[in-house]
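Worksheet: the structure to be examined is printed underneath.
By written order: A, B, C and D. Residues from 1 in each chain.
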Amino acid sequence: MPLFLLGIIGKTKAAFAGRVGPPLLQPTFDVIKLLRKGLIFSRTTTWVFRAGPIVSLVTALFAATLIPLGTHAAPISFEGDLVLFAYLFGLGRFFTVAAALDTGSAFEGMGGAREVTFSCLTEPALFFALIVLTRLSGSLSLSMMIGPGMGQAWHFGGASLVLVAASLFIVLLTETCRIPIDDPTTHLELTMIHEVMVLDHGGPALGIIHYAAALKLFVLGAVLVRIAVPYTGSPWASWGVFALGMMALAVLIGIVESTMARLRMAQVPILLLAACLLSAFGIVLVAR
Amino acid sequence: MNEWLVMTGAFLAAASGVPGLWTDRRGTRGERIFAALMVVASLCGLTGAALAVARGSHGLDLAWPVPGGRFAIRLDGIAALFVIQIFAIAGLGAIYGLGYWKQSEHPRDGRKLRLFYGLMTAGMALLVCARNTMLFMAGWEIMAAAAFLTVSTQDEQKSVRDVGYVYMAATRLATLCLFALFAVLFASTGTFDFAAARPITGGAATAILLLSIVAFGLKAGLMPMHVWLPGAHASAPSHVSALMSGVLIKMGIYGFVRTFSFFPHPPLWWGQLVLLLGVASGVLGVAFAIGQHDFKRLLAYHSVENIGIICMGLGVALIGRTLGSGALVALGLGGALLHTWNHGLFKGLLFLSAGSVLHSTGTREIDELGGLSKRMPWTALAFLVGAVAICGLPPLNGFVSELFVYLGLFETARLPQSDLWLTGALGAPALALIGALALACFVKAFGAMFLGEPRSHRTDASHEASPWLLGPMAILALLCAFIGLLPWLVTPVLDSAVATWAPELASSHARLTTLAPLSWVSFLAVSLAMLLAFAALMVRRHLHQRPAEQAGTWDCGYVAPGPTMQYSSSSFAQTLVGIFSWALRPKVHNPDTRGFFPHKDAYTSHVDDVVLDSVLIPAAEFGSRAAKRMKWLQRGSMQAYLLYILLTLIVLFLWR
Amino acid sequence: MHNLVGPLLVVVLLLNFFLLGTSRLQGVINASAMQGVLLGVLTLCVHEGLNVWIGLITLVTVLVKGVLIPGMLLRAIRDAAIRREIEPFIGFLPCLLFGALGTGASLIFARTLPLAKEHVGSLLVPAAMATVWTGFLVLTTRRKAINQVVGYLVLENGIYIMGLTLLHAMPFMVEMGVLLDLFVGIFVMGIILNHIRREFSSLDTAHLSALKE
Amino acid sequence: MLVLTILLPLLFGGLAFAFRSNLKRPWLLPVGGALHLLATCLILLGQAFPREGAWLGLDPLNKVVLGFLSVLFFLCSVYARGYLVGRPQQPNRIFIAALFAFLGMLTLAVEAQHLGLMWVAVEACTLSSAPLLYFNQNPRSLEATWKYLLIGSVGIALALLGSYFLAYSALHGGMSTSLFFPDLVREAPHLSHPWLRAAFILLFVGYGTKMGLAPMHTWKPDAYGEAPGLVGALLAGGLTTAAFLAVLRFFQICTAAHDVAFARGMMVTIGLFSMAVAAVFMVRQRDYKRMLAYSSVEHMGILVLGIGLGGLGVFGSLLHLVNNGLTKGVLFLAAANIHRAFGSKRVEDVSGAIRRLPVTGALFLAGFFAITGSPPFGPFFSEFTILRAAVVGGRFWVAGLFLIMLFVVFVGMSATVFAVVQGEPSEKAVASGYKDTAFTVGPIVAFLAIVLLLGVYVPPPLSQALHQAAGFIEGTP
C-alpha cells in the first residue's frame, strides 16, 4: 500500500507533464529489485552505517501499528501513544543521520544537518496539532483522538481543525521530503535533504530505506486523512473512505509537486514556522 | 537503622580520602583505599535507602548543641530517592577515578581531589537526609566548598582558577539566599524543623518562593543563573563532572521539591512561573549546547536543558497541587524525580565516556576528533547509549520520564479551565522542540567525535579505555536500559516520594502505575529492542552469506577527497545557531571566498555564555571600578582621618 | 577664690584663639604650657576648702602640663630645628573663624544640657567644649607632627576642665592615673617623634602618608 | 586572685628585662601565657563574683571575655616563641616585655568594675601595644605606629570626656556619685538623660575608635598591615574585644536607664556602615594583611549590629565575639607564616601558598571559609543568629543589607585569598628558607580546631554563660 501511494504520486506528476508515466507498482518493483542486489559499504563506515536503514524501518513499522485505519482502532493504542508515535520517528531519524555521518562525506553530513534542523521545527508543529486534537477529543490516544470522535470534533472546533490539517500537510511534506521542501528526484546533491543522506546506501539497504520512507508517508498521511475526512459510518465503508482519502492525498501531493518549485533552503524554516503558527493559532481558536 | 546505615556511608565517604594523605606520593595504595572505602560507603548508603523505601523510616533525632541545631535525620520517600542517586553515581565515579586520575599520573593533586570528592559526597548525603535547617546548611556548604576544591583541582591553570572563582561566588550567593530563606522560615514557623513547617501564607510565602528560586536555581543551573555551570563542568576532572552534573546540581532540585512540599495550597502562578522557567531553561540550554565546540561544555549545557525539563515537571506538579488533582501531581512530580534519576544516569554515562575520550586524545575540541568508534568501540557504544537516552528516545530511560512530563502537560490540556490549560498546551510543544534540538545536538556530537574519518592527529595515539573506565560506564548504560525497558519496577519508589510530597493527595488513588501506560511502554520497548536485535542478526547472516564489497565513500567525482572535507560540528550546527542567534549572539567568522583563487580561510563560529560574558562580568568590572574610586578616602593623611572622627561626632550629636 | 574661675576660663579661651592664630611653634607650645598652669590654678579655685589631695593634684598638673611636656616638645623642635608652622591646610584666618564658631556653638550646646545647681551660669562646661574643639582644629589642620601633639594636649586640657566639674566624684587615684597616662602617652609620642625625625629628617606629616590604598 | 592575673604578666614583663639571651627569652611567653590561662581557669571554676564597690570583679559578661582572652593570648604566645626564634637577629626584649604589659593591662581593663579604672587600663593597653607595632623598626611600621598612637589617643580622650559626662549625669541625678558599674546600673533610672546620651555618643565614638568601627577605623589597615601577624591577632582579638566590652557596659547602663532606642539606632547604623566600608575596601585589595584588617572592621560592625538589634542579636553578637577573635587568630598567624615564606604581602608576588606551605596554606583557606560564615564553622552560627534576630524583629532592610554586605565581602575577599593560595609559587618563594614548625603551625591548628568545635558543638556551659551575659546586658537575667 505505501509504495502504491508513491506510484500514484508518480502517475499524477506524469499526467501533469503529459506523459504516460511508470506503472503504479513501479516503486514496488524498484524496491524488490534493490532487495535482490548485493550490498556495498564504504571503507569509512562502521556498524552504525548498517544500523541506519534497519532502525528506520523498524521504527516506521512500530509507528504504523499505532495508527487507526478508518474507525478501526489501531492494533496498539493506549493513553499517551501519541508521544511514542512522535518519538519513534525521532529514533529513526537519529540513526539515519548517524549513518549518514558515518560515511564521512560532506554531502551526507549536509543532508543530515538539514534533516535534523527542519525536524526541530516540524516537531513543535506536530505537537501543537496533537494538543488541539487532545483538547477536542479529551483523549491522549491516537485511536481515540482521530477515531470515531472526529465528527463531534469538527462540530466543535472545525475552524481550528482546518488550520491543523493545513499545518499537518506541511509537516507531512517536510517529513517525507517532498517539494517544496525537498526534491526526491533531483540529481544535484547540494539541493537534496533525504536523498543525499542515503547516497552511500546501496542494494537491499537502499530498498529498505525507500520502503521505510514510503511507510512514513503512509502513516503521517493516515493521520492527516482521518482529520480531513472524518467519516464515521459503518466500519467497512469507513475503510473504503479512508483508502480513497489516502489516494486523494497522494494525488494532492502529486499536484503540489508538479505545480510548485522547490523553495530555497533559507526559506524552508520560514515555511515550517508558518506551519507552527497555523496550529498554534488553532489552539487559540479552541481555547476561546 | 537505615538512617544509621546512610550516615555510616556518609561518614565513610567523608573519611575515604584521609588515609591517602599519609601514603606514598606515587604509590597506588592511597587511591586503592579510597576506592574501596567509597564502594563500601555506597553500598551502605544504597542498602540504607533501599530499606527505607521498603520498610519506611521513623527518623533519627539527636541533640546537637549549637544555636537552633538538632541532629534530625529522616529518610522519607524523597530523601531516599536522592540518596540512592548520590551513592550510585559517587561509587561508580570513584572506581572510574582509579583509571582516570591515577596517583602516578597526578602526584600533585590526586590526594586533594580524592579527599574532597569524598567530602562532597558526604555533604550531599547529609543535606538530603537533614530535617533541621542548620544540619541542611552544614551539608550544603560542605558540598559547595568541596565541589569548589575539586573543580579547581588543576589550579595551576589560570582558566581553572577563574572558573572556580565564578563557581564559588555563585554558590555563595545561593548560600546567602538560603540564610535569608531559612531565617524567614524560622520567623514564620518558629522552628528549625522541616517536618513542623506549618502552612505559611502571604508575603512570607512569596519571599520563600523567590528566595528558593534564586538559591536552588543557582545550584541547579536554571537558565539565567547557570553562569557557573559550563565552565565548572568543563574544567573539572570528568568523574567529578559526572558527579556534579549528575548529582550535585540535583541538590537544587531537591531543595525545590523540599521547599514546595511545605505549601499545601500554592497560588496558581507559582506553578506557572516554575513551568515557564523550565521552558526557558530547557530551550535556551539546548540552544547554547548546539553552539559549543568543547564537548564537555556541550554536555554541561545539556545539564541546563535537563534541569529545565525537570522544572517543567515540578511546575505541572505545583499546578496539580493547586487544583488538588492527584493525577497531575503524580505525573509531574513523578516525571521530574524520575528524570533527575535518569539524567544522573545518562549524563554520568556521557561524562564518563567523554572523559575516556579526553583521556586518550587529550583534547576537548570536537572538531579535532573523528572516527574514534574504530579505535575505541566500547566507549563509542557507551556514548551512543547515553546520547539516545538523553534525547528521550525509546527504548531507553529518558523516554519514560519525558513521557510522564508529556502526559502531565497533556492532562493540563484536558482540564476544563480554558485559561489554565494554555500553560500546559504551550509546554508540550516546547518539550518537543527541546527533544528535537537535543537530537540534533547529539547526532552532531556523536557523529563528529566517533564517526567518519579523523580530523586531526590527536586521535593517532587514542586507544580503548582501561576496564576501570569501562566498567562503570557499562553499569550506567545497563541501568539506562533497565529503567527504559522495565519502568514499572521503579515507579513504586516514585509513588512513595509523591505521597511524601503531597500527603493530602495520597488518598486520591493517583499512582503512576495506573496513570501511565507502563505495561505498554515496557512491552513496546522490549519488543522494539528484540526486533532490532533480530534484524541485526538477519543482517549479520545476510552479510555472512553474501559479504559486502568495500569501496570509497561517494565523493561526487572530486579528485582529492580528504578528512577535512567532512562536515564539521560548527557547519553542522550553522543553521540552527543562525535560527537562535537572537539569544546565542554567536561570534561568526564567515570568510568571503569569491573570485577565482580565494585565499585560504575557514568558517568559524563561537558561542560564549551571554549572561556571564555580556552581563555579569561587565557589571562586576563596573562595581570594582566604583570601589576603586572610593579608595581615595584612605589616602594616608592623618588630618583627614581625625576629621572623620570629628564629623562622626558632630553627626551623632545632631542626630540625637 | 571661687570667683576667679570665670576670668581664668576666659583667659583659657583666649589662649585657644592664640593657639589657632599663631604660626610660631615655640609660641604654640608656650601657650599650651600656660594653659596647663592655668588648669592647675583652676583646680585650686574650683575646689573650695584646701586639702592635701587637691594640693597634690594641682602640683602634678602644673608639673606635667606646664613644665615637663612643654619642655619635651621644646627640646624636640630644637633638635628638629624647625621654627614655624607652614601654612595649615585651611589657613590661619579660617582656623580662627572656625574656632570662634566652635566656641559659640559650645556655649549654645552647654545650654541644652541641664547643669547641676552649683555649676549654673559657670563657664566650665562651655569652656571645656570650646577647648576640645580647638584641640580638634589644631589636630586636623596643622601639617607638623609636633603641632598635632600640641593639639592632642589642648584636647586633653579641655577634657581636664570638664573633669573639674566633678572633682569630688573622681577618686584621687583615678585623677592621678589619668594624668600619668596622659604623660606617658605624650612621652611615647615624643619618642616616636624622635624616631620620625631620624628616619625622615623632618617632622612634616607629608612624609607620613606612605600607607594608603 | 583576680589581682594575680594582672600582676603575673607584669612580673613576667619584668623578667623579660632580666633575661640576657635573645634566643632563650621567648620561652618566657608560653610559660607566662600558660600560667595566666591556669589562673584564669581556676578563677572561672571558682566563680568569684564581685563584692560591692570592688575595683576588680567578675560578672557574667567579663567572665566570658576573660576566658576567651586568656586562651587567645596563650596560643599567640606559643606562636610568638616560634616566630621570635625564627628571627634571632631582631632584638626582642622590649617586644616581649610589652607583650606581657599588654596582657596585664588587657586583663585589668576586662576585670575593672570602675569607670575610670577601665579607662586607664584601656589607654595603658594602647600605649603598651605601641612597641609591638614598631617591632620591625622600618619607616612603614614607624608611620603605622604613629597613626595608631595618635588616632587611638584621640579616641581614648573622647572616651574620657564621655566618662566625665556619665559621671556628671550621675552627679546631676544627685545621687552618690560612685562610678562603679554595678552602682551605675542600679542607679541608672535616676541618671539625667541628656548627659547620658551625650556620654554614650562620646563613649561609643571613643571606644569605637579602639574597636575600629568605620569611619574611625583608619588606623587599622596600617597597624595590622605593618605589625607582626601575632600582634595583629592580639589587637584584632584582644584590644578590640576590651573596647567592645566597654561599649557593652555603657549600653547596659543605657538599657537600665530605659533610654536605649537611640543607642540601638546608632549601633545598627554604624554597624552596617562599617560593613559597607569594609566591603568597599576589600574589593580588589592587593595586600592580604590589609585585607584582614578590613575584615576585622567588618566583623566589629557585625558585633555592634547584633547588639543594636537586641534580643537574639545580643547572644549572637557575644558568640560572634568569641568566634571572630579565634578565627582572626587563624588568619593572622597563617598570613604571618605566608608573609615569612614569600617575603611579601602583595598579591602580585604571592601565589601557590598551599603548594609552598601545605599546612599553613590549607589553614589560611579554611580560616577564610570560617570567617566568611560557612557552616559548619562557628562564625556561621553567630552570623546566622544575628540575621535571624533582624528577620524576626521585622527589620527586613537591615537583614537584606547585611546579606548584601556579606556577599560583597565574600566576593572581594575570596579573589585575594584564592590568588594567594592557588597557583604556582615563585622560585624566590621556593628558595626562601622558612619552614613550618610545630610552634608556628600548632597554635593555628588549635585555633581552627576550636572554631570548628564551636561550629559542631557549643559546650553547654559556654552557651549558658553566653545566655547569662546576654541577659545581664539586657537587664533580663
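The criterion applied here is as follows: a residue touches a chain if its C-beta (ideal position, glycine included) is under 8 Å from a C-beta of that chain, and two chains touch if they have at least 3 such contacts.
All values reported here derive from a predicted model rather than from experimental measurement.
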item: Path length in the contact graph (chain C to chain D, fewest steps); value: 1
item: Furthest chain, CA centroid comparison against chain A; value: C
item: Interface with the most contact pairs, given as the two chains involved; value: A-B
item: Cα-centroid distance, chain B relative to chain D, in whole angstrom; value: 44
item: Distance between chain centroids, defined by C-alpha means - chain B, chain C (Å); value: 70
item: Gap in Å, rounded to a whole number, between the CA centres of chain D and chain A; value: 78
item: Cα-centroid distance, chain A relative to chain B, in whole angstrom; value: 35
item: Multi-partner residues of chain A (at least 2 other chains); value: none
item: Multi-partner residues of chain C (at least 2 other chains); value: 139, 148, 208-211, 213
item: Set of chain D residues in contact with two or more other chains; value: 146-147, 150, 154, 198, 221, 281
item: Chain contact topology (line, ring, star, complete or other); value: other
item: Interchain contacts (touch definition) - all pairs; value: A-B, B-C, B-D, C-D
item: Complex interface listing, chain D residues touching chain C; value: 114, 116-117, 119-120, 123-124, 126-127, 130, 134, 139-140, 142-147, 149-150, 153-154, 157, 160-161, 164-165, 167-168, 170-172, 174, 177, 179, 192, 194-195, 198, 221-222, 225-226, 281, 290
item: In the complex, chain D residues that touch chain B; value: 146-147, 150-151, 154-155, 158, 197-198, 201-202, 204-205, 209, 215-216, 218-219, 221, 262, 265-266, 280-281, 283-284, 315-316, 319, 352, 355, 369, 372, 374-376, 380-381, 384-385, 387-388, 390-392, 399-400, 403, 406-407, 410-412, 414-415, 418, 422-424, 455-460, 463
item: Partner chain D, residues of chain B touching it in the complex; value: 64-69, 108, 134, 137-138, 140-142, 145, 152, 155-156, 158, 161, 164-165, 168-169, 172-173, 175-177, 179-180, 182-184, 186-187, 620, 623-624, 627-628, 630-631, 634, 638, 640-642, 644-645, 647-649, 652-653, 655-656
item: Interface residues, chain C side, partner chain B - complex; value: 89, 109, 136, 139-143, 148, 205, 208-213
item: Complex interface listing, chain A residues touching chain B; value: 38-46, 48, 50-51, 54-55, 57-59, 62, 76, 78-81, 83-84, 86-88, 90-91, 93-94, 97-98, 101-107, 109-110, 112-114, 116-117, 119-128, 130-131, 134-135, 138, 140, 189, 199-200, 204, 269, 276, 280, 283, 287-288
